[in-house]
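Shown below is the structure under consideration.
We call the chains A, B, C and D, going by the order they appear; numbering starts again at 1 in every chain.
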Amino acid sequence: MTIMMDKDALNAFLARDFPQVAGQYLVEAVSGSGLTARLRVADDHLRPGGTVSGPSMFALADLAIYCAILARVGPVGLAVTTNASIDFMRKPAAGVDLLAECRVLKLGRVLAVAEALIFSEGQGDPVARCSMTYSIPPKSSEIRGV
Amino acid sequence: MTIMMDKDALNAFLARDFPQVAGQYLVEAVSGSGLTARLRVADDHLRPGGTVSGPSMFALADLAIYCAILARVGPVGLAVTTNASIDFMRKPAAGVDLLAECRVLKLGRVLAVAEALIFSEGQGDPVARCSMTYSIPPKSSEIRGV
Amino acid sequence: MTIMMDKDALNAFLARDFPQVAGQYLVEAVSGSGLTARLRVADDHLRPGGTVSGPSMFALADLAIYCAILARVGPVGLAVTTNASIDFMRKPAAGVDLLAECRVLKLGRVLAVAEALIFSEGQGDPVARCSMTYSIPPKSSEIRGV
Amino acid sequence: MTIMMDKDALNAFLARDFPQVAGQYLVEAVSGSGLTARLRVADDHLRPGGTVSGPSMFALADLAIYCAILARVGPVGLAVTTNASIDFMRKPAAGVDLLAECRVLKLGRVLAVAEALIFSEGQGDPVARCSMTYSIPPKSSEIRGV
């Protein structure tokens, strides 16, 4: 697939359109088949016991997959997640960032499907697995219900 | 099922063990079959366009289901989400809270399954649907890998 | 929602378009909010130990939800499942049929979302829970990729 | 991970314990990280228009993942699927078999998680993606509720 937005373009897009999470989530790399994103783990992301919370991992997967789709279709701000399935498999390692490695499996006219594995940085076994479906708005300015 | 923790006990538990989200998420009601929880929507939960973010809805469902299980098994801090599936179906209404109505479908020795519908307060159609599996730790002090 | 196809119309549709499963799956009731379908459990549906197989339960949920959508949009043969999430919670009772009770949560222009609970006939606790997304083809004759 | 059952052992296990599907589903290859299984597509698996039915693809993923787990834990007949999430992404090609390539992501004491991509033989883009959780029974003879 053709890359419409590279790493820098995606990070600039996030900084402008998602100021609430700016600095927390970062696109690390964009490739022909996928994308890697980082969660800079901070106190806000932790649950009792020092582990990263499920919603923080969900947010990382969501952002990584969103960016992987934007990388291929351009800055379509209205693409929305319609379905997500996530398996939490291991406790993240303490004190290290999380990395999501995602891959776009389908990029259709209306729906895109992608999956992500989340790793504690430097660890070989994934802490979570996620797949998501995004609804892609029509190119025309007409907005309709999905 | 027997209720081991009521609304006040659950809110006290959240305030003590989840200080990061204290005040944002609130247990509204506990019944024999389920539980209702509220997300007090604030700027932190919003995405461009003023809609509540997917991760915020995921966090609401996760917290509601967690509390619904705790209401039945008592304050077992180590119960962990192992799987979640969520469908985002409608754009939340602007400027109102979200309510999650959840129901426990199974409470086994090792796994619990529950589902939640999320509504914009005062609206009849759900904005999201979620089902989750929780792993329940053994009652003995022995901690083992799930 | 308006009912476009009743129980008899749906069973006639299944008999004509799904001859492979005719007689195995049966629409029992259609209501304003949902639909009930039956799997006449036979040897083909069983796994070792006499339990109904997962794929047979998946097929029941798929058919029930498909019919619940058709009941509302009319005989659109091209509606396709795009996502399914299923939790198997209890072992079905031996020697009895399975009933799926499903409910349509969203019926949009492009996507429909519904959920089903599956019960062993006469039992109070569900054996499985399922949610599915269907892609609904455009009303015009134009066929496009989803 | 250590392989406890190879391709021939798995096919012999299927032939003995799953006579209903014997000959339809076949283990093609077992590797250190995963397993490939084949669905010999026949008329029974087809839906109107000649496409392979969703339940048949679900059954293929279920069997492939089951065998991938057995390959690692040995012939534990009581392992059961507790959760599955599946995305149907493309229409399978007509007249060719389907291949499921699966990978075990976690093999814990109680739960195993694996994922599969399903391809029409000879095609590069997957027709479906599936992830499943299996509950693994305790090694002792004691049977308990999951």
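One rule holds in what follows: a contact is a pair of C-beta atoms (placed from the backbone, for glycine too) under 8 Å apart; a residue touches a chain by one contact, two chains touch by 3 or more.
Computed from a predicted model, the values in this text were never measured in an experiment.
Peer 1: Which of the two pairs, C-D or A-D, is linked by more C-beta contacts?
Peer 2: Top pair by contacting C-beta pairs is C-D.
Peer 1: Farthest chain from subunit C, comparing Cα centres?
Peer 2: So the chain farthest away from subunit C turns out to be A.
Peer 1: When the centre of a chain is set as the mean of its C-alpha atoms, what distance in Å lies between subunit C and subunit D?
Peer 2: 23
Peer 1: Taking each chain's centre as its mean C-alpha position, how far apart are subunit A and subunit D in Å?
Peer 2: Their C-alpha centroids are separated by 28 Å.
Peer 1: Listing for subunit D: what residues touch at least two other chains?
Peer 2: Subunit D, residues with two or more chain partners: 82-83, 85, 87, 89, 133.
Peer 1: What topology does the chain contact graph adopt: line, ring, star, complete, or other?
Peer 2: Shape = complete; every chain linked to every other.
Peer 1: Across the complex, what residues on subunit A touch subunit B?
Peer 2: So the residues of subunit A in touch with subunit B come to 17-18, 20, 43-44, 46-48, 53-56, 58-59, 62, 77, 80-89.
Peer 1: Mind listing the subunit D positions that touch subunit B in their complex?
Peer 2: 82-83, 85, 108-111, 133, 135, 144-146
Peer 1: With touch defined as at the start, can you tell me which subunit C residues reach subunit B in the complex?
Peer 2: Residue positions touching the partner: 85, 87, 89-90, 105-106, 108, 113, 115, 117, 125-126, 129, 131, 133.
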